[in-house]
Structures are given as structure tokens and as C-alpha cells.
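Chain naming follows the written order as A, B, C, D, E and F, and within any one chain the residues start at number 1.
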Amino acid sequence: MEVNKTILTFGEILLRFSAPNHQKLTQIKTFDVHIGGAEANVAVSLALLNNKVKYLSRLPNNDIGDLIIKELKSYQVNTDLIIRGGDRTGTYYLEKGASVRSSKVVYDRKHSAFSEITSAMFDWGQIFENVHWLHVTGITPALSYSCQKVYIEMLKIAKSMDVTISFDINYRRSLWSIKEARKIIDTTLKYTDVLFMNRGVAEEVFGIKTSTENVDAIDVFSEITKKLTSFCNPKHIAYTNRDVESASNNNWQGVLFENNKGVCSKNYTIDIIDRIGAGDAFAAGIIHGLINQYDNQKTIDFATAASALKHTIIGDFNLVNKDEIMELMYNSAPGYVKR
Amino acid sequence: MEVNKTILTFGEILLRFSAPNHQKLTQIKTFDVHIGGAEANVAVSLALLNNKVKYLSRLPNNDIGDLIIKELKSYQVNTDLIIRGGDRTGTYYLEKGASVRSSKVVYDRKHSAFSEITSAMFDWGQIFENVHWLHVTGITPALSYSCQKVYIEMLKIAKSMDVTISFDINYRRSLWSIKEARKIIDTTLKYTDVLFMNRGVAEEVFGIKTSTENVDAIDVFSEITKKLTSFCNPKHIAYTNRDVESASNNNWQGVLFENNKGVCSKNYTIDIIDRIGAGDAFAAGIIHGLINQYDNQKTIDFATAASALKHTIIGDFNLVNKDEIMELMYNSAPGYVKR
Amino acid sequence: MEVNKTILTFGEILLRFSAPNHQKLTQIKTFDVHIGGAEANVAVSLALLNNKVKYLSRLPNNDIGDLIIKELKSYQVNTDLIIRGGDRTGTYYLEKGASVRSSKVVYDRKHSAFSEITSAMFDWGQIFENVHWLHVTGITPALSYSCQKVYIEMLKIAKSMDVTISFDINYRRSLWSIKEARKIIDTTLKYTDVLFMNRGVAEEVFGIKTSTENVDAIDVFSEITKKLTSFCNPKHIAYTNRDVESASNNNWQGVLFENNKGVCSKNYTIDIIDRIGAGDAFAAGIIHGLINQYDNQKTIDFATAASALKHTIIGDFNLVNKDEIMELMYNSAPGYVKR
Amino acid sequence: MEVNKTILTFGEILLRFSAPNHQKLTQIKTFDVHIGGAEANVAVSLALLNNKVKYLSRLPNNDIGDLIIKELKSYQVNTDLIIRGGDRTGTYYLEKGASVRSSKVVYDRKHSAFSEITSAMFDWGQIFENVHWLHVTGITPALSYSCQKVYIEMLKIAKSMDVTISFDINYRRSLWSIKEARKIIDTTLKYTDVLFMNRGVAEEVFGIKTSTENVDAIDVFSEITKKLTSFCNPKHIAYTNRDVESASNNNWQGVLFENNKGVCSKNYTIDIIDRIGAGDAFAAGIIHGLINQYDNQKTIDFATAASALKHTIIGDFNLVNKDEIMELMYNSAPGYVKR
Amino acid sequence: MEVNKTILTFGEILLRFSAPNHQKLTQIKTFDVHIGGAEANVAVSLALLNNKVKYLSRLPNNDIGDLIIKELKSYQVNTDLIIRGGDRTGTYYLEKGASVRSSKVVYDRKHSAFSEITSAMFDWGQIFENVHWLHVTGITPALSYSCQKVYIEMLKIAKSMDVTISFDINYRRSLWSIKEARKIIDTTLKYTDVLFMNRGVAEEVFGIKTSTENVDAIDVFSEITKKLTSFCNPKHIAYTNRDVESASNNNWQGVLFENNKGVCSKNYTIDIIDRIGAGDAFAAGIIHGLINQYDNQKTIDFATAASALKHTIIGDFNLVNKDEIMELMYNSAPGYVKR
Amino acid sequence: MEVNKTILTFGEILLRFSAPNHQKLTQIKTFDVHIGGAEANVAVSLALLNNKVKYLSRLPNNDIGDLIIKELKSYQVNTDLIIRGGDRTGTYYLEKGASVRSSKVVYDRKHSAFSEITSAMFDWGQIFENVHWLHVTGITPALSYSCQKVYIEMLKIAKSMDVTISFDINYRRSLWSIKEARKIIDTTLKYTDVLFMNRGVAEEVFGIKTSTENVDAIDVFSEITKKLTSFCNPKHIAYTNRDVESASNNNWQGVLFENNKGVCSKNYTIDIIDRIGAGDAFAAGIIHGLINQYDNQKTIDFATAASALKHTIIGDFNLVNKDEIMELMYNSAPGYVKR
């Protein structure tokens, strides 16, 4: 039986301009428009899985802000907390690669309404009303110094109110240095109940290298987990394991650790339609499993199936429902036409 | 040399609304529109192979009916027999899957003009004028009780006029139960000269399970054929053998039996553009081969190549001509650019 | 350090009408429009690699001519030499295949402005001003007798001015017979410093068959090179080696010989977006390497990576820059999202 | 100051398939998809004007039902009351005319989930919780006998609970005869507080002809009002007055009567983008004015400006906000670019 | 009651590439594709009015030829006489103007399959089987000398077989000079039973100037008719009278003379969607009226309403049926939504 | 005969995201992309009129910067001076109105690369090489304080080098106050040889009200000119006179003064496709006329015709050539189809 807890996610949401049909950015005459952001993606996934979700962000008081809020509402995400103000909505341009050609993101998110938040804008009492779970990512503190301050303040308040905190490290080299990041990440880890990361982050942020010859996923991530838990202590650590064949084809697997004991999902081979947001779909799947008291094996299977499906959905949001995820978890031949 | 016989196909034709670019149905703002229906698909294929084809159906007397007839005419299918009347054209919504995500069909075909046909609407003498071959499928009797009555009446008249009858079982769980279906299917088999089916139908409708360890296609289908011919006696039985890797990639092979002797085509590995109608393209290929007195090997090779190509054509109709099919049959490297 | 030489390419440029979304030509209601031609494709590639390039052609004095020149200018190709006049721009219709279905080109290029060029239209002194390299292909002399005359005249003048000449045989069966072609090709080879070709051309034009059992690329092309250099003597011969799995998937490799010594690139497995112009992208890569004094290994690696990337770009032009090519050359996992 | 009352609208919502770019229905290969229905249109308008709105309807439990609910949610319409079940969503095909060519609607709404509602499906207590206003139209009782029964039952309950009832006669010849309609309409009028209609309805339904020579709008509608109020007694009667120049150009004016005293808006000359839903936009404007205690002149000015703007919005919903309406009401030159 | 005569039209059919959304030709990345040609347009109109129509032309034996024939078939035009062969299908590029900007056509029709017809290709006996009416235009003899020869031969044969001949002068300055044209036109007039022209042609071809101060259409065209019938003697002369306000707005009227007695239609003010083919729609309307024995007033009203509607239809063909034309003829307010 | 002078324009260029098909910004799923900016628009117009033009701006060193430069190059604008650097390209969102609905622009241009220019980035010697004319607008100094400094410095250098300076006041309320603006504008006027403005600017910036009852354009603008020349002394003052009927229909006229003597163009009634950039097209027309020594009447006629045509061109640039402008100037019926 599913428990109905209110989840809060907090972060920036961006307008995405995608070059249609695998065109290069310099070829386009039109852009496909989607909206997304790590924490908003998690919010939408959780709402589509029938969890109660509030999303906290800041958006300008203009039509672009309205456009975004309208779409979040359509997915039943509670947008009442969103602060209106500031000059601009962050955006990014996406050139979708194919085969031997990588995808490329050109960010235009500086000076966004969100990056200019200050503590005075937030009424924490109202914000945390009925909230049992808070999800944040490492992108927020990387955006600006004022974001860092609000972010740390929020973590402290959440912890003081016994809210469960999940944290996706999501390290972005283009936003801050390892040195800056490490300080904030290490602080965050003290508050973290559920941690999301992958091998790249382990190596880049924490200097934890793992032998690539060791092919068993559990073993690889056991090693990482041991090293991580030597200096922090989240209850759960969930890893995604992406193996890139080409921009069109990846392998995708998930691993979940609790008390140094790991379980792993099957390994999906995926023809990619749109991989942006897959990590967020995975995080949402784990949170959903934990909140709804799935056992760890079911949780990792659910989260990995959900995020495997994300790769086939256009846009940042993972627009699948529980039935579709369950079907992939339990059905060996997912390619039939359902009539 | 090809003999010019008139073929009649009879059934419902639907408007199909496809979500563009692998979008989910809940994401769309436009639909791509195609038309199709099992028996109409067979008619179009046969017309494009230069056979004389009449298509019998019922469509409302409005612009949507006109749209469909206009397209059938463009493929040189004779539409003079189509009855105009009734309230609505059946439709269906198609969400095209990809990779780990299945395709999904949402039918809206109840109460269609065709489902409300009655015997009084049909002038069998006029309909069967010059007809040597009749093709029907198990979808028609599944639509309504009045459809069943017309369908059975038609089979009897066809048989009495020495018309060759081909029958594609096409069992659709969502339209009727096995029990209902079995009664009509068994009756139809008495009239059937050429039967189309596959392993799924063998198991679901007739309870004929085949070992999945037995990898030789001929052996598998021999076993099915033996069991089938214990209670019915079509001259030819043609099987399609689809092996689903994912929604994007399938293997596809055909097998044809006559007098318990089977021949099989090569096995195609296919990147899928649109698989709706592949079975109908196969049926049309078999009918074309038999009418034009190809030997069984050439017939199965032709039908399988034709239906392999269908997977690369957008829409329900298999818009390839004989040259393109022959090229695939005889050319080991189909991927060159023909200049 | 890169030397800045002016390169001249000379040939016909066509408007291409592509059926969108893998449609058959008989299904279309709109065409995607691109422009391209073997020598113009080479010019655009070289300009995007920051070489100085002039393109010589003839186009009608109407909006379609303007459209083409406008696009060439946008890629920084010098179009000052283009002669305006004649009735029409050559065009072609492209039906893009998929999987088991081949792509198909329907040419409509007869009577084009370019095919009606005469020597009197050309002021060779002005044309070759500052030119150090001339690139031509076997398509030009195949277009008309008057094209042949201008083409041969041009080669002679170029040679007399010590211009380096590169030649892509590009034999097109539909334009002329082997017999006609051989005469012109053999003449051209006398002037050729850098030759582009492949196994198909070796067999079809020169009757040089190579064992398909011999799987080592260097060995296969060594054999061809030996036979070729028995009757001609280019300084470099560059081969592309395409292995067609299906219309959607090819393997692609390049080999470069100098003094009978060959080097070869890695072999790319490619999911194809648009393969038209890949050979031209390869030629441009080789010319760029030679002009910029890359060693032969780097040259073949660069040219093959450039042309592998071309398969993922829509349109005939290879819209990648040097950084993107280098990244593929040196990066083992090209499928990541660059943020 | 605006009072925050909950408004309930009740009726059928349809999927609309529009032929793009003024194409005829028989020309199309894609449809633009919108959703709409008289009462849903009113609901969306009122929600966008920041009123609290619940919408009551019935939709099948499939992706098409989900699509519609998702869009209603995005406009902040409360959809919690919507009943899920039944076979199909009603649809209609729209061919947009231009100039001398009329627009054409082809309905396919029979047997819809809504048309098959029964009283047992409705929990009136829950439905009318906090409801102060109910809006209905003459389309609902025209759909089926069971719709009539639910509709009459609902009116009685609403009246018994002192809910204000607004009624748009919206007579549709294709759905029922004048005789059938008159019976239900006359019954409805007994419960009606605010009535919406126009000259066409006056003449067709009530046989009230007005001299076309009489050019003053107030005089014309005074005459109608006098005749109407001889047999019924709504507090307000609001009329739209459309003068059709061509399918591309109309004049549009509104008139509002209370106690036989009329006020009228200015007369707008409009180049039409999409006129479907203009009457509903007008009704919403009147309801908004009355609920928010505008005086009658401001109410009719507001409703007419809102519905004039609707003619420029694609789709059935009137996606304008209060500022945009006010600007048109008070700004004599609406065509400037707002920067 | 309508008589069922077979009408033959003869001429060239072109592929039209239209710049979408009022773009300039130099802006486009896609073209909308339509097919059309003066005589084919007449054929399609007549077929849609349920007349029996054969269309005679020549098209290459490739996919583009197939595309065109497929579309003609969809409109029930008999295409059995179309000769396959030659190199190319004529094309033209259309830049649609707006308001103060004129539309522009760039022809690319030289060397088309049709322009290279020779008498030896035609089996006149077969062609004229059951033909009672032949429609030709002045475009055909303007295309090439060989076209002229076939055209004159055809006229003679038609006349010898008592076929009614209608002739639309359609003078195109860009194709031939007045001097050349006059010779052929004068010859044609000897065979012409029904003549189509306008004021521009009267002045440009025959030097008949009419006072622009004389505003009565009948008077103006009476004067032209008198001068024309001094040297030729068609039974009917039908004129279109276009008054160009701007590229977006025209007035349009028709006048029909028989025995120097003229009748004229109402004058339509039209917002233009696509005016290409309006003259052909008018000619088809006149032919339809004469064949079906409408009186002259009904004939000119029908033809003018039909061609007024053409201005609102995208593409060269006039896709309206008799009901739609009749509605405009008899309905004073054409802009209502037909539900 | 036209003199070939080099013109320099200087300012910001923006990416424009337009909602397609008159959609509201909150409805979109795709944006049409164009580029534009007041001074870039003037540059493109002048280049298309075969003047030599350099454009000076600053753009980030990423794909979006490349996209813009590529398009400018395609119009033969010299882009060698463009400085690469900074974070972002300014953008704006355009909602195109219709009829009673105004168009709306949502700017997102703060913090653009251009707004952060500093004097140190500019090498004035190189920039003004061969420059005879400089065009600036009041937008540049409104963007930032550092822009103001560069702008004033540039004007001084230009004047010191005897460069002719044209200035379009282009006052934008949303960017700065009248008070701030007046200071800079008054300074600029000291350097201005050719001034562009309109009645709105006269009233808003200079407080010069003109009687709206005075209908003669020359008289109205004489009055303004007299008041203006009391405190500044440009050689030419050119006014546009827009009369807004609705968002779809405007009247448009130009007036040019020299020595207090005015000439005015005809008054165009225009159905609007896209009016953004019309003022810039007008400025370019005036500059072209003055540089090419047209007399004042021809200059104002040319500029007004050019800018009238702009209203029919999609995007900010006025993509018409001299022939098209001349045709409108001298042709009373601009709506014919040019074949």
C-alpha cells in the first residue's frame, strides 16, 4: 500500500530549445521547445506516479514564466510556492547528436531569476508545511553564491524538521571547480539520507577510481560505496551505470546500496530518443520506491525501468506511468504493439 | 506470365491518428493521419502489384469517407462497391514506441458505419462479378453480430461460386473472447483455401504450444501445421515469424506450407519505421505469388521481402512495387543508394 | 602551423528535394530542400576548416541561383567566380531508405546551366589567380561534351601553372558508359596529384577485382594500388571503404597510400542520418591534411573521422568544425552529452 | 473587489481535428488537435480570469481522456469531478473556411462517454459543494435522452440549493428538432437567471423575427427581449450580434438586458483567426462581470472585448487574461506592438 | 438532368514548389508541393463535378511521374492515355506575395517530357474514343515547335470528328512573342466553339483597348466581343474580369457572351489564399454548365462562383463540389460555420 | 550611377523566437527563429541593395554566435569586425497579434555580450577604415552605461573623420527613462547628419504635440521639423507615419525634410505579415537614396516602398531587392502574379 507523503523539490527550471531532426544548431530555422531542470524533472515523475509533489523555484513574471507553470500544472505538480520575479528564465540550446556525433548543450542560464534568489524571498514555515521529503541536486549551489546560501539554509531547516533529504550530486564542470564543489558537497552529505551518483562523479569529484576490468556491477559499486562511506553515511546510495556505445545506443543499469549491501537491476540496451533527464527519472524512481516501501530489489528494478523508458521520451520529463514501468520490469519482450 | 484475376477484399477501414516523432499520446498537438485496415491494406498491396482489386466496405457519406475513398482510388483500388451511410468512420490513435517502450493502439472503432452493416445492404451478384479470389480476416466477425452474419453469408456465396478464399485469423483479444472467436474461426476454416497465421495465434486460439528451444523454423511450423490439419484442410498455410528484439528492432521470416511440406524465406533483421500492416503486406505477397503461379519458394520469398519492406514504410499501406521487392529478394546488400 | 592556400573546386551544384521522414517519393506533400554537388561539398568542408576556397560553377540568373549562392556565402565559400546564365539549376529527388530499403535518387539535371558551359565563358587568368590547388571529379566530364572540353582545358592550364590537382573518380553509371569514361579518366590521371576512389570503382572502371576473403584493409588496397600505379602515378591515393550492413547502418574506413605505402584509419560503425556527401567530406579531409602538412596517419584519421561525422549531418554539406573532428579522432566514447 | 465564488460548468468536451492552413478536409495529411466544448470553454475562460471553476463531464479511461484532463489542469480548471468511463471521446473535424468559403464542421460525437451518462453516476452533494453558480447549454440535453434526464435533475437540484443558473441556448439543428428542443428549453428557462442567445436563435427557436432595417442594436434586441420576457423571466439576457461579411471578416457586438433595459458594447470589426468558441468566451465574460459586480455597461464591454479577442486565438479556448481584455476595452488602437 | 459526355483535356502538368508561409524563395528550407497545369486543372474540376474526364499528357517513367498520376487518379481523372517517357517533369517555383508584394513564378519547364512530344506518340483513334469535348489552351503551342505540330494536328482531327472545342488563350509573354502567338491563336480560333479570355489578353494579343472609365462590365466586354467576332466566330465567349486591389485582395467577376448577347455574374470581393488556377476553375465551370445545359445566366453564375471559391483553396486544383458552388451562388452570407 | 561607399552600422543583434501561426506564447511547442536588431536590419537592407556594408557588434563565442554570423554573411554583410566574447546573445520572444489583438514582445536581452562592451575592445582605426557613413540608433546607449560610453566615443571619432552620421532615435520606454534618454539623444543630435523619427517620438521624447485634425502629412511634419530645428540641425530628417487600423492592417507613409522643405510618398494600405523591422527598412532606403544621390522625392518614394514591402516579409530583415522596390514605386497594381 502506498503512503501519501508530500515531497518537495527545489531548483532551477529552464526552457530548452532543441534543434529538430538531428540538425546542427547552425542549421536551424525552428526550435522545438521543452522545459526541464533536474529537480523539476524529479517532481514531474513523482507526480505522474501519483505522489503529492510541491516544486519550489523562481520564475520571471512574464509569459515565459506562465508557460512553464502552465506545463507543470498539467502534470499535477503543485506550483503555489513558485516565486515570481527577476529578469529572465534560464535557457539552453540542445543539439542532439547521433551515432559518432556527440550531443551538445549550449547553456544560457546566467543571471536567471533563480540564480538571484535570496533568503528573504523564502518563508520556510509555509514551504515545509506537510513536507516529508526534500530533493535537491548539486546544480543549485553551483549557480551563484546567493543560491549556495539559500541552499544550505534550506538543508539545515529541513534536517531540523526531520525531513528526509535526497541529494543528486550532478557535478557540472562548466559551473564550478572541484574545489568549490567539494566544500558544498561535503556539507550536503552530512544532511543526506539518500544519495545519487555514478562512476564518473566518483572519479571526478572524490578521486575514487575503479578498475574497468572488473565487470561485475555490484563489485565495482561496492568498492565505491566502501570508500564513500568512510567519510559520509547516507542510508541509501543509488548509482546509475551508463555504458555509451554511441550517441544513439547506450547500456543502462542501476545499483542500490543500503548498509553496504547492494542490489542491481537488469542491464538495458537502449536506442536513444532523448536521454536528457534519465538520471532524474532514476532518482524519482528510487524516491518513489523508498516512500512506498518497496524492497530494495523492487526499488532498483523500478527506478531503472523508469529511467530506461525515459530514454525513449522526447523532452526532459519522464512521461510514463506506473503501469508502463511495471510492464517493462516484468515483461521480457517490450516491443509488442499493445492494442 | 501473370494472370489477371479480380480479387475482392472485404472489411473495415479506419482513420489512424499517429503521434508524431515518438511522442506519447498525451504530448501531441498534431496528429499524422493515415488510413488502413487489414483487408484494405491487402487490397492496396495487390493493386500496387498490378492486380485487379475491388474493395468492399461501408463508409459514412461525409468528407472523412471521401478522404478515404480518394486515397484508395489513388492506389488504383476499385471503390465502386463501397456502401455510403452510417454515422462514423472507425478511428484509432497510435503511439509509436521505441526501443524498450512498446507501441500502443487506442481504438475508437465502435459504432462505425461498417460495424452496422446488414445483409440487405449487399447485392452479392454485383459484388462477385468477375471475382476469383476473396480475402477476409478474423477482425470482421469480431466487430458486431451483424458483421458476423454478413461475413458468414458472404463466405457461403463465395464458396458456391468457386471463388478461392484466403483467411487471415488476426485474432484480437480486445474485440472478442477465444470462445466466441473459435466458433466463427472454425466455421471459416471450412471455407478457407489459404490460411494466414503465426505462433501467437496457434497458441492463443488453438492451444498449440511449440517448443521455443526448437530453433528451426520449418520444424516449429511443421508441428503447428500437423496439428492444424488434423481438423481443417486449407491448401496453403502461410506463417509469419516475428522475433521482437525491441520496439525498434525485429527479426522477420515467413514460412509456407502446402501438403504438409514447408518452405521458408531468409530471416530479415529490421530497424522499424512502422510495423503496422506488415502481416497484411505478407498476405498480399502470398496471394500475389499464388495467383501469378510462382512456385512456393518464390512465393514465400516474395511475400517475406514485401512485408520486410513494409516495416520501413510510414502508414498502413505497403507502398512498394514489384521491382523493389525483387531487388530485396535477390540483392544481398540492400542499403546502397540507387542513383 | 597551417598554411593558407587558395583552393579552387569546379563543378555542378544541385538543388536536392528530400522526402521527409523516410517517406516514399510518391507519398510526399512537402520536400526538405538542401543544396549540394560533389565539388561544392568539398568547397564547403574546406571553408569550414578555415581554408580559403573559391568555387567555380554556373547558375541561372534567378531566385534559385540566388538561393544557392546565398547559402555558399554563409559558409564563407568565395562565389565571385560563379557565372550567371542558362535556363535551369539541376535538381534531384531523394527518397531516403531505411533498414532493408535502399535510398533512391531521381536525377533531373539534364540541360542545367552548368551542363551548357563553353570555354568562352571562362577567363582562366582571373580564375587561377592565387590558386594552389584544384579539385575536380569525374562527374563534370560526364555531364556533356561541352563540359568535357572545358574540363580538359582547365586541367591543362592548371598543370601549366603548377597547381596541385586532386581528382575524385566518382564514376556514375547513369551518366556515361565505362568506355567513354575510361578515355577521360585516363587523361585526367596524367594530371592527377591526389586520387580518390574505392573498391567499387577499382572493379567497375579498371577491372581490378580484389578478394573479399582478404579482410585486412591495407592488403586489399595495396593490391589495388599496385595495379593502378602500373599505369598512372598520383602522389597520393586515398580510398574509402564502405561496408553496407543496411540502409541504416554502415561500417566506414579510410586508407591512404603514398609511394605504395598505406596507412589506414580505425573502422567506424555508423547509424546513418544522411550519407550523401560522405565521400566528398573524406576528400576534403585529405586535402586539408595534405595542405596543412599533417603526416599521412593523421591525414587519414582526420579525413575518416570527418566523413564518419558527415553520416550524421542532414544535407550534403559536412557542417562540422575541426574541434568536432579532432574530438572523434581522439575520444574513444563519442556519445556523451557535451555541456 | 472581486468575490471568489466557485462556478460549476457541466457538458461534453470534444477532441477537435482541424485541417491546417485552410486546407479542405480531403487534402489533409496531418490534423492540428485542440480540445473544446461549450461548457469547458466557459470553464477555461473563467479560470484564466482567476475565478474558481469546477468542470463536470465524463471521459473514457484512456490516453485521450488523459490528454484532455491534462490540458484542463494546465488552465487551472478543477477536474476532480470528471467521471472516467465509457467507450469514446466525442470528436469533430474542422475545415476552416476563408473569404467566400464557409467553414465546415463534421461531427463524430455519437456514442460518446458523455452522451451515455446516467443519474446513478452523479453524487450531487459532492458536486455542488461550495458551488454558487452553474452554467449549462442547450447542447447537453440535445445529445441523448439520458443526458436530458441528468440535465433536468441537475437544474432542479441547483435551484433547490439557490445556485445561480446561466443558460446558453446554443440551438444545434443537426442534433434535435425545434419541437424537441422547445420542450426542454422552455423548462430550462424556468430555472434560468442569466440567459445567452442571439437573433438567429430568437427567430429559429422562438419565431421572433426582427426587422433587418432597424439598424440600432438596442432597439432590435429590446424587441426580442420584450417578446421573450412575456413567457420567461431571467434576470439578465445577454445577446451576441454577429454580422458576417465573409468567413474571414465579421462584425461583433454584445448587448445586455436587465429589467428590459439594455446596454450595448462597441461594434468590433474582426479579421478572423478562429471563431469557434467566441460565444462561450462572451458567456464567460458576462458571468465574470456579474460575479465580480461590474455594472452592466462594464460587463457587456468586458464580455464583448473578451470574445472579440477570442476570434484571434487558435483553438476553442479563449486564452486571454484580464489585462489584455481591459486593454482592448480602453485602448482605441489595439494594433501596436507591445514591447 | 445532366448528360454524361467524355471530356478530353490535353496539356502539360507541372510540379509546383511553393515557399511556405509567404516566405521569399531565398528564405526557404522546405517546399510545399502541389501539381497543376491549365488543362489538368480543368480536368480535375470537371471530374469533381462528376463529369467523365480523360487527361492526355506525357510524363517521365519515374517516381515523379508516378506521384502526379497517383494524384490525378485520386480525383477520378482517367489517366490511361498518359504517355510515359522523356527526361523530366516540368516544375515551377512559387513565391506567394501578400498585400503590396506581388507573387512570383520561376519556371523550370524547358525540356520537359511534354515539350518533346511528337505526333508519332499519339494514337488519335484511341484518344478520341467516346470524346465529345476537347479543351486546350494557348500554353501548349507555346512550349515547343513539336508541341505546336501535335496541337494543330489534334485540333484538325477533333474538328473532323465533330468534337466541341474549347480554347483558353492563356497568353504567356515569357514563352513566346505576340507575333508567333497570333499565328497559332488565329488558327485555333477557326476551330474554337467556346473561347476563354480576359481584358488583358484582348489588349495584349488583339490590340483591343477598352475604356477603363466605362464601369459596366457588360458594356466593356460587349465592345471586345464585337471586335473579336469581326474575325472569328466562337459560339460562346467567356471572360473573367479580375480587379486587383492587392496581392491579398481581388474582385472577381465573369461574363458570358452568346450571339453578342452577354450575361454577367455578381462581383465577388475575395481575400486570397491561392489564386493559381482560378481561370481554369472558371473554364471548367463554363464547360460544365454548357455540357449540362444550364442556361447562360446559370452557367456564368456557376463558373464564377466556382472560380471565386478556387481563390480560397491551396494548390492549383479547385477542390470544391457542386453543393459548395451552389451554396455560394444562392447564399448571400457565405461565411457561416456549417455544422 | 551609384557610388560605392562603405557603410558601418553598430549595435546589438538578437535571436528572435516567434510563436508560429498567431499562437499565444503560452500555447507554443515550437518557435520560429529569426535574427534581427535595428542596426543589423539596416546593414542587411543596404547590402541587399548592393552597398558595401560592415556590421560591428559583439557576440559570444558559441554556436548561437556562429548561427548569427553565418546568416549575416549569407546577405553579404561584412562581419569581420564582430567581436567574439561574453556570455550570451540577447533574445526576444514575439507573440504576433492579429486584428484586435496587439503583438507582444518579451525581451530577454539583459547581460548580453553586446551590453557589456567596453572601449578597450574597439580598435577605431581599423573599424573606420574606408568608412564614409555610420548608422546608429537610440537603442545602443539605452542598453548599459558601458554601451553609452562606447557609443559617444564612437560618434566623436566618426565626426572627427568626417563620416556622415545617421541616427534613428528609436526610443524604447522599457529600456530607459525620458530623462536619461534626452541627455544622450541631445548629444547625439549634435553629430547627426540624417535623423529618423516619427510623431510618437516627437511627442514622447521632445514634447512636440501635433494636431491630429491636421490631416495633411507635410503640414504635420513641417510643424515638428520647425520645432526640432530650433535646437538641432540635421541635414535631412526622415519621418515614418504609421496609422494603425488593427494589428493586421496599417497605413504607412514617409516624409523627408531638407532645409525645412518636405516631400512625401504615397500612403500605402498594408495587410501585415510581419512589421518588425519596417522602420529599419525605411532608414536603409533613405540612406541608400542619399548615398546614391537620388533626389529627395525619389529617396522618400524608394524608402517608403522598401519599408512597405518589409511588412510582407517574415523576419526582421527586409529581403527585397531594388527591382522589387522600383516595381512597387512605379506600378499601380502590385498584386499581379509575375510569371
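The rule is simple: contacts are C-beta pairs under 8 Å (C-beta built on N, C-alpha and C of every residue); 3 or more make two chains touch, one makes a residue touch a chain.
These numbers were taken from a predicted model, which means no experiment stands behind them.
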| item | value |
| --- | --- |
| Steps needed, at minimum, to go from chain D to chain E via contacts | 1 |
| Other chains in touch with both chain A and chain E | B, C, D, F |
| Higher-contact pair (C-beta pairs counted), B-E versus B-D | B-D |
| Furthest chain, CA centroid comparison against chain E | A |
| Mean-CA-position distance for chain B and chain A (Å) | 45 |
| Averaged-CA centre spacing for the pair chain D and chain C, given as whole angstrom | 63 |
| Multi-chain contact sites of chain C, meaning residues that touch two or more partners | 24, 26, 29, 70, 104 |
| Set of all touching chain pairs, with the criterion as stated earlier | A-B, A-C, A-D, A-F, B-C, B-D, B-E, C-E, C-F, D-E, D-F, E-F |
| Residues of chain D defined as touching chain B within the complex | 17, 20, 24-26, 28-33, 62-64, 66-67, 70, 87-89, 91, 93, 95, 104, 106, 108, 110-111 |
| Contact footprint of chain A on chain B as seen in their complex | 21-24, 26-27, 97-105, 107, 172-174, 244-250, 275-276 |
| Partner chain B, residues of chain A touching it in the complex | 268-273, 305, 308-309, 311-315, 319-320, 324, 327-328, 333-339 |
| Residue numbers on chain E that touch chain B, as the complex places them | 70-71, 73-76 |
